[in-house]
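Note that chain A is present in both complexes that follow, paired respectively with chain B and with chain C.
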Partner chain A sequence: MSTLTSLARAMAAASGTAQPACTVRHVHLSPRPLVFIPLALAGEANAPLAALVGDDPGAPNLLVVPEPRDRDLRFAFAADLAAVVLRYTASYCADQEPTGGRDPGLRYADAPQLLVPNPGGIAFTRLLGRSTRFRRAEGPYAVAESVPVLGRWLTFFADRTESPASSLMLAATDALSAHWATGQSPAEDRNLAVLLGWIDPPPGMSGAQAAALAEDPLRSPPTGPATDPTFDNEVLDQRILAVRTARLTGGGRAYQRAEAALTDALATQLTPTWTLMWRAAELLRGLPEAAHVRRRWDADKDAFTWHAGHIREGGPPQPRRDGAVSAAGRLANTERVQEMVAAQRAFDDPLVMAEYRMTGEAFAGRVAAAEPDRVDATGRRRVLRPRVTVETGDAVLAEPGATLTSPARPSQKARVIAVTEANGRTRVLLELQGGMGRALTPEPGSVPAIGEPVCYAAFGDGYQPPPAFPASEDTPWTHGGPPPRYVPADEDAREDWS
Partner chain B sequence: MTSAAELAEQATATILGGLAGARRGLVVDSPPGAGKSTLVVRAAARLTDAGEPVMVVAQTNEQVDDLTDRLAAERPRLAIGRLAGIEYTPAQRVVRHQHVTLSTRLADLAGCPVVLSTAHKWATVRGAPAWPWAIVDEAYQMRSDLLLRVAGLFDRALFVGDPGQLDPFSAVQTERWAGLSWDPMQSAVAVLLRHNPDMPVYTLPVSWRLPASAAPVVSEAFYPFTGFRSATGPGERRVAFSTSPFGRNALDVTLETAASSGWALYELPARHTVRTDGEAVAACAALAARIVQRGAVTHSPERAVAGVPDAGTRIAVGTAHRDQAQAIRAVLRAGGLPGVTVDTANRLQGREFDIVVVLHPLSGRRDATAFHLEAGRLCVLTTRHRHACIVVARAGVPELLDAHPSTEPVHLNVPVKFPDGWAANQSLLAHLSQYKVRAA
Partner chain C sequence: MTGPEARLARLRGRSLPRSHNARTIAALASNPGCARRAILDAAGADKQRLAAYAGFPAPFGQSRFALARGNAFEAQVKAEGAAQLLTLLRTHLNLPIPEAHYDDLGEVGGNASLDLRHARTRTLLARAAASQDEAGTMFDHPLLRLEVGGRHAFLEPDLVAFRLHGRFHVIEIKSFAVIDGQADGDKVAAAAIQSAVYVLALRDALAEQHIPPEAVSHETILVCPENFSNRPVAVSLDVRKQLTVLRRQLSRMARIADLLDLLPPDLTFDLDPDRDGVPRRRPAELAAAIRQVEARYAPECLSTCEMCFFCRDEARGCTAALGRDAREELGGVEHVQTVLRLAGRIDRPAPGTDLAEAAALLRQAARLRAEALREAV
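Right after this comes the complex of A and B.
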């Protein structure tokens, strides 16, 4: 936790109200997200119990596994879920738009977005995807045809959450706590009801009071996938038992009654979270969108388009484990994206930039002197190299020779020529290059004028080419040699421990 | 008993002899200051003498320049290629050798039987015929995904590195690949050995850098299974001061303890502090300044002339975090001592000083996270010195350790790494507690 976040949390604790941690929204929020609230059965590895899912706040779909220990019923649940999820993703596979950039191509004009309450929901989605994507519609333990497709989509969404640039799947608590600082610990922030109590208390109540009330599991049931143990013991256990007894004794009306009773009980646990989820989405939507979010969402649309095509063309499901080459490639990509997103967030948001100003990686001040028409004639060619002096009260770590970037002029590089300190203020002499047009006089506004407030950071949001890795079939001996070719088989769905 | 020099020579001869019969290559583990670079240079010379072209891979330009310089001095008639990136500024110690050719393209170095470069530059080389041999230096600091990018360039390789130092680092937090034998976040050697378990591993037995006071302590705390000894015996390395203290204060007592025993623990009163603890920063700076003011002179048997007190190259302050280093640097600069090297453990790796002041990574902390507990971090910080090491810490670090046993999740198929940071920290602190000086 940075010093600034700690301060914001301390202020929130003192005032009883959550403090803004950002001035803009750094995630994309779809106008029609698919809210997915899964519940799992305690004591079983990722056994689905129920889910509330849908893209319309007024029409949630409640899916229930009447006997969660029965594996056939689990896959029937997966088929029900597939009907909702696949209808939702398919609705985005219609309108297309040009990708822009150098290679002319088309991508879907928008992409789906999955909202789950917390990181536990993402983990549940990943495991449900893993347990369904290798299933087959024929052979032993056959499942509905839609089930493996669902598994591949759930895996796709869960995998995308590993990229800090992606908004295809969001956990509400993560998204909210990235934008607001509460007066409690980050672990406590994982309770959506409590977190929303801090951020958006009901009228007449402080955030701290609302949060304390929300800790009561009867008032705000846990947001999943784990359920409230008291509910498990006192309600769930009996009703599942009733379903089983009714089925063993012949089914019929008794079975329907027992199933309805179970469904009602689970609805009481899920419905409050459903309301919270849409309130969370509304709160986030209330923040203005950061400048770089659109570009990152475009990358999400590309990924969605690619994956939809991959499934349509009959490509193989995502492998259970990454190979040596794909693991290295994925890590390199995540590292690049993480660095890029950190810079973009700082460039978009002065409150995020303040963190870097505190550590000395960035500084803000005013232009004290400027030579906008300075031309460097020492080289072979005369080139435009304006110089500006920035005066700042921030700590400056940059040393002469360092290259800085300003959020206001990201395509312009500023090289530090000299740093001088006097009376607690620092003056930084910068030489500018690029982003000023082709002539030997800069285009208007391309060089900061005297008195202009400016900010310079030691990082840029520039593009870095991805590193080259060998092809998978050329995996060297140091990494185990080339892997065997993937051939789909009935055993694919088997786990080592199952 | 064989002398240290003989022991080291035997080990080197075995390793160089092992090159000829190696199927895929071999790994050499080297404790701090055990002559790793010397081995790399001798192996490169031996292989080129036998007519086998060698590519040498190091991790930073600084390391490549050092190796190039030493190899050029060792083999004055060998055509040596130095492959470099576009942004590389040629170092004087490389350029002065007539027989070193510098280029950014491998094609320009076709006539050179030995070419040296950084791993990142080698990773950009495409379509070259495979080299019969590669020598990979600092292989434990190289991430396995980088090895994946260069491994296609060679048939066999000699991997040299220090297993006790900091593991390679990634800013990405994920457990996605935990347990996979090719986990890209592991070190190159870890992945290599998991796929080639029959590859021979040798150990260099003698540290030339560490004094007799440090070698057994470091060996026990950080290299529990591959012990090593120091090249010099007890009392052969000495520190003296050319001035006497006026009165008696904790700083001077600390300096004298360090001079006589090789270790000192300067203990500040217990307190939970923010990361950059102002008092600890001041103490580190004051100790470094005091070493200079007192005119420390170092004597070692292998150097004919006694060390001249020169702050820049001989005294260092090591920290865990960059902002701590910056704060100490600022205090020293204000005090007129800009020459003392102050840096983080990551950046001090591979460097050597006479006296090192260490700000203990756990000093003043409320919790012991994996980062602050990492054995490699403490190992780097406490193995940079030839004469003495002074550790600055707030009281209560052992209690903090007891309150925070390792709680890292355990993954299947992940080889257990020894020693763990918790044990290494306890072991070193137990030793340091004998040389404790309380700050006044």
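Right after this comes the complex of A and C.
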């Protein structure tokens, strides 16, 4: 949040219509995402109740646990879900492409993408992954072979959400509210139906009106994983009880009837969200993709390729907890990536860059004077060092000696030589280096011309190499020494799921 | 009768009084400037019912599944003189408890009056604090008291206080799971602040007997189901930070008596029930009565206060309704319309004022935003 986005919220509140918070889309959106809407039983750690899942808006798969407290039925649900999810991920394990760069390897040409309604959906996915990935297909409490594989994939998707650069799994509310500002608080933006009301109201209605209507849980059931308590108390309780009674009294037609009634009730809660999810995907797709998104998606494809190979080659499931070295590496990586993504977003999007202009970390203006052919002859070798003067009305924090980068010429460095102020405007004298070809005269267009609008920021979008950490087997004694290699234990496979 | 008690009784009207609990005190302490919540809670008014009757039913309820699960888990760990809990504490706290006493303070000789129960809780706790007995004692259903806005609020925790090596530990039983040593951060935070309320109340009770506050440990014990099972696991929570926050917020709260003085003497939230208990008061009239008490709405109220939709409706057009951060980032300007007039240079405040500073900020933001959107087209 910043003054700019808060101003956008104020404008949205006054006009009753959501306002753009970005001019381009900063997340990748698959042409064929897998929409996953889980519902959980209230009060339990991770008791799946039902889910609507699929990659075709016209063909959702409705999965239901008729008795959510029954362990076997939960694993049957996991097996049903595995059938859908594993078929979907497998469909991306065919076409390959070169990874590019210095690495001669191959990767899958595209990657799967999981879309859930909200951050709660990500948390549910993580827990479902945790409760299924250690199970075994043989021995006591055996489960279907696909169940532990499902657990590993769900864990993989949920883990990737920790990286701000990844789009392998997205929560619709997060993605939408990053691109639009509504006239309500961020807390209220976590309701997908309400958020979409603001962004895309039905004809003849303002965003504020549509949002107010969408707050009614009867009209727009909660988008999960939590259900509406009134629905729990007035509908779900009786229908689950009917299923339980029918099972105890011998099943047969009564059981089928009770199960069908429960399925119908859960479908009424899930179907509206299914429509909302595809509308959210469509709205996001309507925004032009930001320039750096493709590069970040390539990294997602690399991660997907690696994980698919790891499972195929019989590698162990993700451990319960990270060791000291991998935790430190993960944290350092997240911080580094966060900085990189923030810079890339600003370079791709003038509305995001405006936030940095507000704080003085960037400024924009016009070139007032230019010496494009200036050569510095003071050193051992004559070098091309053009100078330009930028005049701006923005606040400028940069001081002489600082190095700046312009989104229009990211490979060129601009060193601040002098900053002067006159009549409320600031003139910044910059000396340019790089990105102009090898000769002593710059290539056409490589130096900004007089009158050209330009923007300079105190950060670049460049790749920062990860810091060096010891290998896991060299973990120093201060951090507990090398962690024991994770070996799946029998105990994990038999763990309670009550 | 004109004292604060009589005034509060009049405000509540003919409905049954609701008592405070750790959750309501924690919620109140998170928004100490809200006179509406302070008054309604002090009067013991049924906020859920009032909000619904005034046309703004609260957006939350409790699922019977969650309720059943919570009760079942608590009953399970407390069953048979808290046998499971004892085993757990023995390993968790490394307790040498070959034999431990278990005192149920739920009733006093069949009499469950609040004052009597509180007196008995105090006596027993003081006796335990004074004794040299090394065996631990668990107190189930103690009744504590905390001063909130200059009035005593009774707290009826379902917790158990445990005495060990001369110190009391507050134990909180929750039914959310701890999975691989980690639990939902929001839920742990809520449990920590509730435990802190009990620590504070327990310290108050002992202070009356001249027992120093260190007798109650700032390390409370949270008991939750482990992983995906029903097996309980105990973790220690350090609630020092929550205690500081709570103490500060409670001291910032205006005295209820002072707040009452600001209200018209005949104000009441009574629903005017007929002989069958059916309310006859006009909802608009009730709403007007509620509006007499000033509220301080923030979006955080949406998850903690039954009156939230009522207050949100009232706060429409205020920057506070967009979130505390938003209001601050908009230069602290109160109304959305003022923000837009300042940003659009329609209002030009005199230089040197606070508003002029906010205006400069907003004008710059509006200029940058407009420029960026033009550039993107």
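Basically, the second predicted complex is superposed on the first by the 492 of 498 C-alpha atoms of A that agree within 3 Å, B and C clash if a C-alpha of one lies under 4 Å from a C-alpha of the other, contacts with A are read in each partner's own complex, and residues count from 1 in each chain.
Assume a contact is a pair of C-beta atoms (placed from the backbone, for glycine too) under 8 Å apart; a residue touches a chain by one contact, two chains touch by 3 or more.
Owing to the predicted nature of the structure, the values given are computational and were not obtained by experimental measurement.
S.K.: After superposition on the shared chain, which partner residues are touched by A:D95: those of chain B (first), chain C (second), both, or neither?
M.R.: It touches nothing on chain B or chain C.
S.K.: Which of the two partners, first being chain B and second being chain C, lies in contact with A:L127: first, second, both, or neither?
M.R.: Once the two structures are laid over each other on A, A:L127 reaches chain C alone.
S.K.: Considering only touches as defined above, state whether A:E138 meets chain B (first), chain C (second), both or neither.
M.R.: After superposing on A, A:E138 lies clear of both chain B and chain C.
S.K.: Name the contact category of A:L7: first (chain B only), second (chain C only), both, or neither.
M.R.: In the superposition, A:L7 touches chain C alone.
S.K.: Which partner does A:E399 reach: the first (chain B), the second (chain C), both, or neither?
M.R.: After superposing on A, A:E399 lies clear of both chain B and chain C.
S.K.: Which holds for A:E421: it touches chain B only (first), chain C only (second), both, or neither?
M.R.: A:E421 sits against neither chain B nor chain C.
S.K.: What is the contact status of A:G183 with respect to chain B (first) and chain C (second): first, second, both, or neither?
M.R.: A:G183 contacts chain C only, not chain B.
S.K.: With both complexes overlaid on chain A, does A:P467 touch chain B (first), chain C (second), both or neither?
M.R.: first
S.K.: Please tell me which partner, chain B or chain C, touches more residues of chain A.
M.R.: Looking at chain A, the partner in contact with more of its residues is C.
S.K.: Taking the superposition as given, does A:E491 touch the first partner, chain B, the second, chain C, both, or neither?
M.R.: Neither chain B nor chain C is touched by A:E491.
S.K.: Considering only the contact definition stated at the top, list the common interface residues of chain A for chain B and chain C.
M.R.: 3, 321.
S.K.: Provide the residue numbers of chain B that touch chain A in the complex, in ascending order.
M.R.: It comes out as residues 24, 123-124, 126, 144-145, 147-149, 151-152, 170-172, 174, 176-177, 180-185, 188, 191-192, 195-196, 274, 323, 326.
S.K.: Would you tell me which residues of chain C are touching chain A in their complex?
M.R.: Checking each residue of chain C against chain A gives 59-70, 175-177, 179-181, 184, 225, 227-231, 299-300, 302-303, 317, 319, 321-323, 325-326, 329-331, 336-337, 339-340, 343, 361-362, 364-366, 368-369, 371-373, 375-376.
S.K.: Hey, which residues of chain A end up touching chain B in the complex?
M.R.: Result: residues 3, 162, 321-325, 327-328, 330-332, 334-335, 338-339, 359-360, 397, 467-470, 474-481 of chain A touch chain B.
S.K.: Within the complex, which stretch of chain A touches chain C?
M.R.: 1-4, 6-11, 13-14, 20, 23-24, 41-46, 123, 127, 130-131, 183-188, 215, 227, 229-230, 232-233, 236-237, 320-321, 349-351, 353-354, 357-358, 364, 394, 453, 495-498
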